[in-house]
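Presented below are the structures under discussion, each in the form of structure tokens.
What follows is a pair of complexes built around chain A, which joins chain B in one and chain C in the other.
Up next is the complex of A and B:
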């Protein structure tokens, strides 16, 4: 079984047609589906938030069979994620994509629960406080806040129910 | 004076009235007509000079004095046209056209229409006229056309056909030049039935000759266009009247010759209105059958499928002469549907057209492709169109079409890389997206993994 770092790759990762955007409808649908799952899985386990289309992304090339996803293919798969709600384009030119391995609503839920569990409902907190707070340690909130501190505009702000 | 020239009739809107079969050729504006020799000659100023096949017409423009009326110089009266000499002086002047005209004894322009009989003038004097072109017109072009019209002597044609009688071959002649030939060679006098038959014969010969002349030279064709149109009309009328009247069976011979005529018309590219309605001209039907017979051998050699373009080249080469056009080829192939021939025309999604045996089956080809693509070597690195071509025994272009068709049926997947365009067996249907790490024990995925791993890929 091939690995990319610690990540276990499925066997079809070595199947060359997997890296060519298929024209036939059934094959294309299956291909897109497989790639979507793969991207989400990988980003979730590797804690990756952002994918830059023009940058090197280890998942998008396979040196063993010497194949790389074309720009068109990458955009196709990421757009599929966006339309599902699992990703958001960060710029109009579709050059950077924010991966939400939870959907936006789910993130909102998580924040809400965090706030409730820790009794922060009526207080104002800065992002930094959340990040370094004891409550956040080891939770997804820490991750989230780290992402915030990287100055990435997070669209879920509009879903916030608490201050 | 206007009296010098012949009068030219003008319509109420100022357009000249042309003689029978007279055609306008060229015109120049702002032209003066002067005479160098005769000083009694009152020059015509600033008018429109029109060249026709029979005359030179000068029309006064609206701004000139009302005393000048339209004048005509019959081309017949011109005895010589001077060529333009380019000199330093001519660069500063307006361009001029100089020509010499015959003058009748009474001091007027020689005019054959005024009843002076045939052939060259009885006038002994001639004067030189100059047309000064002050406007922007193409003087050299006009001069060229003047030469042509003057040499063509279109007015003589009228005269010979007008005279009619004589050796009786006058009615049959269709060209001005040949009109002279026939009357001067002392042809046999026509008597009785033999004479009539002979006349018919000569008429057909001259038609044939005129057709040949016409098609040799496009310029000649343009001048004979009028005759051609009349001829085509006559043919059409004959065909139409022949087909519409359902007379008795004694017309077999007529029918035969009618079909011949249709074929003949078709061979010169004229589509007869009769055949358009029918299922396809006899010509195309015969061609279609001939093609079906011919194409059988190349089909066998090519493994059951041959590119239409290749077939076209082979067919034409075999014919040697009387080559067919691509359109004829297409028509012939499309007629196959109506007959019972063992071949058919097929168009692929990519637009490529091929001729294939009716007995050819796609399934059989796919089975062979599948066999090829599941071999261990092919599982590892796929197949290219040339690999398939070698195995299937067909041309690479045909092989590619087959592979693309197989792909669209879900049998293969494409792989585009710097190595080229290759095809692999389609594994996607077997992969379950809910459990991507699962590999069924049976199934092609397993085979594939095994094949891949033996080569050291993990």
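Up next is the complex of A and C:
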């Protein structure tokens, strides 16, 4: 199995036609599903939050089989992630994409639980404090990044339990 | 018998024919009885054999295959029904039934990737992986038998030939001869180009495009336009050993 650093690449990554956007519906659906899973997995394990469509993202090309995803294909796969809440476009031109390994509503849950578990309900904390605090060691709170937290604030405000 | 003229003659002829017919029937009956008796002997000897070698039949695929051949020679089908002597003694019905179910599962799981056509060897490989923990080894012959049983259920399963290779079809799509030839062509590299099809099969451009587009629509082919030479390539997952990727086995 081919690897990107420590990351194990799935077999389909070495099959040339998967780098071409398939015209037939069923094949396209399967292709999109495989790429969605790969992108999410890779970003989660490599702690990548943002993908630039015109930049050199390792998954966009495979030098072994000499294939590269077209811009159209990249946009198609990322748009699919956006539709299911696993990504957000950071600009109208769809050039940068924020990857959410947990969806926004899931992050809100996670933070809420973290706050409850650690008795922070009545305190005021900055995102940076949450992210680097002792209680956060070994939890997903460490993975919060500023870019991410800006997005999370939105559903957060709607929850009445915390200030 | 001497021929006699007139009505009497006709009656005699008729009587003679009747007698010959009766004699013929008797002879036929005698022959049939004899055959039945021989077959009955065969069967009981076969049953005796099966009893004695039950374990070998279960554990050894090539022995099992030869056993099937013997049975076929005497017109016995151990898989004909799940009840009765054979099924009870050998549990062979269960074995092939289970195999059939597993084959169907594998074909369904890989269908989105290969369009419902899978190389027999690839299928056997996946089957063995699936049955890693089972005591009984499985051969290609076993797969073929299980598939022929599936076929009688009318589930659209069939084994087709593309050149020397055997492919298992699990969708009702009929493969036309043109498609078969393209598959055969694809076997060495896993793909074909339109040029190649035209050149090596001496077809017109239209015929090549037609066949390739149909294969694409049926989900048996995938298109690749990323090669530096700019030529479209049609890849056939069923011909490569990549059915295992992406599937949840």
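Convention: the second predicted complex is superposed on the first by the 146 of 163 C-alpha atoms of A that agree within 3 Å, B and C clash if a C-alpha of one lies under 4 Å from a C-alpha of the other, contacts with A are read in each partner's own complex, and residues count from 1 in each chain.
Going forward, a contact is a pair of C-beta atoms (placed from the backbone, for glycine too) under 8 Å apart; a residue touches a chain by one contact, two chains touch by 3 or more.
Not measured: the values here are computed from a predicted model.
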{"item": "Partners on chain A (chain B, chain C) - clash or fit", "value": "clash"}
{"item": "First (chain B), second (chain C), both or neither touched by A:24", "value": "both"}
{"item": "In the superposition, chain B vs chain C on chain A residues touched", "value": "B"}
{"item": "First, second, both or neither for A:66, with chain B first and chain C second", "value": "both"}
{"item": "Partner chain(s) touched by A:11 [first = chain B, second = chain C, both, neither]", "value": "both"}
{"item": "Among 24-32, 78-86 or 222-230 on chain C, the segment whose C-alpha atoms clash with chain B after superposition", "value": "222-230"}
{"item": "Common ground on chain A, meaning residues reached by chain C in one complex and by chain B in the other", "value": "10-12, 15-17, 19-20, 22-24, 26-27, 30, 34, 66-67"}
{"item": "Chain B contact footprint on chain A (complex, rising order)", "value": "1-2, 8, 10-12, 14-17, 19-20, 22-24, 26-27, 30-31, 33-34, 37-38, 64-67"}
{"item": "Of chain B, residues touching chain A in the complex", "value": "382, 407-408, 410, 413-417, 422, 424, 426-429, 431, 433, 436-437, 439, 445, 448-449, 452, 457-458"}
{"item": "Parts of chain A lying in touch with chain C, wherever the complex brings them together", "value": "10-12, 15-20, 22-24, 26-27, 29-30, 34, 66-68"}
{"item": "Chain A contact footprint on chain C (complex, rising order)", "value": "112-113, 191, 216-217, 219, 222-228, 233, 235, 237, 240, 242, 244-246"}
